[in-house]
Amino acid sequence: MRCTFEVLVTLKPGLADPQGKAVEASLPAIGFSNVSDVHVGRHVRLDVEAPTEGEARDQVEEIARRLLSNPVIEDFRVLEPAEAEGPA
Amino acid sequence: MRCTFEVLVTLKPGLADPQGKAVEASLPAIGFSNVSDVHVGRHVRLDVEAPTEGEARDQVEEIARRLLSNPVIEDFRVLEPAEAEGPA
Amino acid sequence: MTISTPRVGVITFPGSLDDRDALRAVETMGGEGVALWHADHDLRGVDAVVLPGGFSYGDYLRCGAIAGHAPILDDVRSFAERGGPVLGICNGFQILCEAGLLPGALIRNASLRFVCVDVFCRVETSQTPVTSELVAGEVVQIPVKHGEGQYVATAEQLRRIEDEGLVVFRYVEAGGDVSESANPNGSVDNIAGVCNGAGNVVGLMPHPEHAVDPDVGPTGGQPLFASLLTSALAGASA
Amino acid sequence: MSSVEEPRHRRLGLTDDEYERTRTTLGRDPRPAELAMYAAMWSEHCSYKSSKIHLRTLPTEGASVLVGPGQDAGAVDVGDGMAAVFKMESHSHPSAIEPYQGAATGVGGIVRDIVSMGARPVALLDPLMFGPLTDARNRWLLEGVVAGIGGYGNCIGVPTVGGEIRFAEPHTANPTVDVMCVGLADADELVTGASLTPHVGSLMVLYGATTGRDGIGGVSVLASATLGDGSEQARPSVQIGDPFAEKLLIEASLELIARGLLEGLQDLGGAGITCAVSESAARAGMGARLDLDAVPLREPGMEASEILTSESQERMLSIVHPSALEEVRAVCERWGLQIAVIAELVEGGGLTVTHHGEVVAEVPAASLADEAPVYDRPREAPAARPDAVDDPALLPFEGDLLDALRAVVSAPNVASKRWVWRQYDSLVQGQTVAGAGSDAAVVRLPGTMRALALSTDGKGRYGALDPYLGAMHAVAEAARNVAVTGARPLAITNCLNFGDPERPVVMWQFAESIRGLRDACLALETPVTGGNVSFYNESGDSAIWPTPVVGMVGLLEDYRLRVPSGFPQAGLAVYLIGETFPELGGSEFAEAVLGLVDGEPPALDLERERALQALLIEAASADVLSSAHDCGDGGLAIALVESAIEGGHGFAVTIASDLPDHVALFSESASRAVVGVAPEHEAAFVALADSLGVPASRLGETGGPRIVFAGMFETTVSELSAVHESAIPRLLGEAV
């Protein structure tokens, strides 16, 4: 079966987040002074072909750990899968 | 109240996605030939202070539309909020 | 009135880098460079506006995204609506796209790497303020230096851009042929620069301001600035 | 697992003796925050405690030197009232953990050093060393480091105009990442300890980024000890560079200085606030009251010792008279930077630190800044290797010469580094007459005809065989690279990359290298204006090659007279200047073709070197040279081939020599260059060479698409160019 997964990659807490900071600082100018703690990370969407959803998920975890994230500075989280239709 | 939101920004289908392509191309080398349709987008996490969750969400939608995404090439989606504890 | 020197404003955003270079190029080519500041609602009466290269706001989030909301963009927008010549170079191009003044968008280079190299650009139309002194088909050599210069647009937008003749420059071989190897960033249809429907707002990834002084680079930027100064003067006396 | 807790001072990197010394200074046990401050300031990285006695022997004076060692950066007079401010620093340790951020923050750090002198940064150069690219981790390190340098340098608008990359097995675990920055300032507006007078009651204003837990212990742990396996816990958190904030910091700082609003300025680097505050106060001969509650924090709940030693990036500390504070605030705010008054200068030398309203430290400022222990560590020459080869030049070579040439042209050390420098913006600021690809980068001084000529050189392979000679060669080659462009070498900065100084062999390598630097700098009259020492580049007991990297600054009186390295046209006479001896020890040929890093490095006669450089400079100013390229790695053959590739014109030469062909082609004898001379200038050029006593042999002529070594072999420029260009991309697994 073929499953679609989404992986979120975020900076580890405590590390400087220049992107988040820059976005946060620019929000008041467009009228939002009530926003804080902005952090910018990556979102990766991918399709995996595997015998079971469980196996597919394990593989996604491994891919996220080895390729999608940089474990020295980033964490990741796999969203619940929205199973894709039909055969591969 | 203060709510935490997560916004996912993804490229519109059909547009070039050099990052997604690069990830996909490097997967076989680490043992995954069963992955396809990889797309890389952005993940933004932010805290919004507003009278109600509904208002906060409306504001997040507006921020996502005006700043976090480029409507010419990107779509966005706001994840369900994980409500933060306590007062501001 | 005697013939005046065209006044060309160059906007400095936080993170602009080639702003001084653009001012110097304007002056080298005989114009008067006027420094403008992103937070002012004031174009200081200039005859043309340049949005220079750089990494405004670090190009964090998306390049040009945050600068696209700068106060001075309102003034640039009304200046453009009145037909004033506006040139966005590299980051300036990205900002104009983000602000909706130009069609399409710029994303990371296909190679995912920054690239600094001299390229050849073919002029696709002389009906813009930066190509008025060139003829379509002419090739100019100008450097690029960017990490996010891949021009993209949806299929529908692209059709409109091509149909309406909004492509101003394409990456080509020295001889003028479009090829994959001439394309430094994977831009669709080798597009290096575009204009708006009215033709007075132009954006391009190559850096003409780094191509006016033969001691430090090629000279393909000279006719672009010469055109801009002529157009600015025409606007000023109109 | 040890069950006994190590005492706190040892965990912070202080020895028992050093701990006793803090007790003597204070007359009591140090408080926790004080201990953290001493540990940071007395770390190897900040205090130079192992290197100081050796560094003192370097020549630091010369006619052009405006600022010598001891300030954030050195400075030389470059005419018209302008000063070139320059320094090199390593960020090897952080780069080994996270190559992108490690290299990026390395750029940020050295740029702030230049800015804190009141100079606008105008050029970056990045000498790098990695293990072989056949190893995947080394490829990952190279790609990350290069992307990080570009990612940061490109984003702050300072052109990266040169550098070098060498590959050697001993750098596998410990890549060497050095970055040199050059800035320009009005000579009489340089910000030095002596140029500004802070007042009692003046304020210390921190501006730029907020303070987080980044890099705590960076100097004391990461850069001042050898990390073994399982040392993950000891590692400080990775610092993420924010080049946008740095750009704002540059502009705001230069504006503050231009407006005369400051009484002092210092960057925050190793040891963070502790270092900046104690050094500023000590330099002013005063003390300070520091209030940690005033420091804007990025994270809640930080302890005093964390705030004091955080190495968060993109921060600067200025000294401001209270009457100027509001104007300083306005300038910073215009650039989007927050400011915080964190301390006040007081009479006496005491530094008092409060946190949550309580005193957490009370120490003499100078005891932190100037009174670290100084060590004369034991040195011992290594035992001679029983299997050493005396002289690779004596080994028989029966291979094909053209194949050997291809092997050397495509050897990673010699191959084109275009893959790297294409990723760097070399054009911004609009003054780059010659960037990467030239022997020395040439950067104009705005508003004048003059230009700086900049080169970085390290000779790791020679240093591994003989650290004294290796260091001398690094200086000579850097000077030669500057001289071939026609510029006069003025002064050097350096970054000294070594293993563990507590091992006598490493300390011997260090002392020998310093001796080499000293002798060469004296002979070539290029004093040392500053530098940086990076020790503990080793894992297990395998250290990097002893690699002093030299950053040379030279001056070209008229940039229009710059001599390019490539043959610019056909019909030029090709001369070799200098003499070739049978010297293949430590050569590229020996490594790439014979598989040997062995033998004695080439001799270096500093008098010959001076004469050669004098000829290059005089011939350039007389405008009789069409091209000049030094003979470096790969010798005469490579110098000729590179001149052809760079200029796009072939040549036909005859190498008349008593030496075996392969030795004549690939010997790396020092003090040589290949020059192209137009026929109408030949007589004048030869006369000049004669008058300076430099042998000049006419080898042949330029022209055509072919490369012809008469009687040996021939090929084409395009064939060798393809080999030269494709080698690095191929090793990185890219389609070429």
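The first chain written gets the first letter, and so on, giving A, B, C and D; residue counts start at 1 in each chain.
Rule of thumb we're sticking to: a contact is a pair of C-beta atoms (placed from the backbone, for glycine too) under 8 Å apart; a residue touches a chain by one contact, two chains touch by 3 or more.
Nothing here was measured: the structure is a model prediction, and the numbers come from that model.
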item	value
Computed distance of Cα centres, chain C from chain A, in Å	35
Centre-of-Cα separation between chain C and chain B, whole angstrom	30
Distance between the centres, which are taken as Cα means, of chain D and chain A, whole angstrom	38
Touching two or more other chains - residue numbers and ranges from chain C	57-58, 60-61, 66, 69
Overlap residues in chain D, where contacts from two or more other chains coincide	242-245, 336
Per-residue overlap in chain B, given as positions that touch at least 2 other chains	42, 66-68
Touch-based graph of the chains, sorted into line, ring, star, complete or other	other
All touching chain pairs, where touch follows the definition stated at the start	A-B, A-C, A-D, B-C, C-D
Interface residues, chain B side, partner chain A - complex	4, 6, 8-10, 20, 23-24, 26-27, 30, 32, 34-50, 59, 63, 66-68
Of chain D, residues touching chain C in the complex	147, 150-151, 154-157, 242-245, 247-248, 335-336, 421-433, 444, 559-560
Contact set on chain B toward chain C in their complex	11-12, 14-16, 18-19, 22, 42, 66-68, 70, 72-73
Contact footprint of chain D on chain C as seen in their complex	14-15, 17-18, 20-21, 24, 53-55, 57-60, 113-117, 143, 145, 147, 207, 209-210, 213, 215-217
Touch list for chain A against partner chain C, complex	18-19, 22-23, 26, 29-30, 40
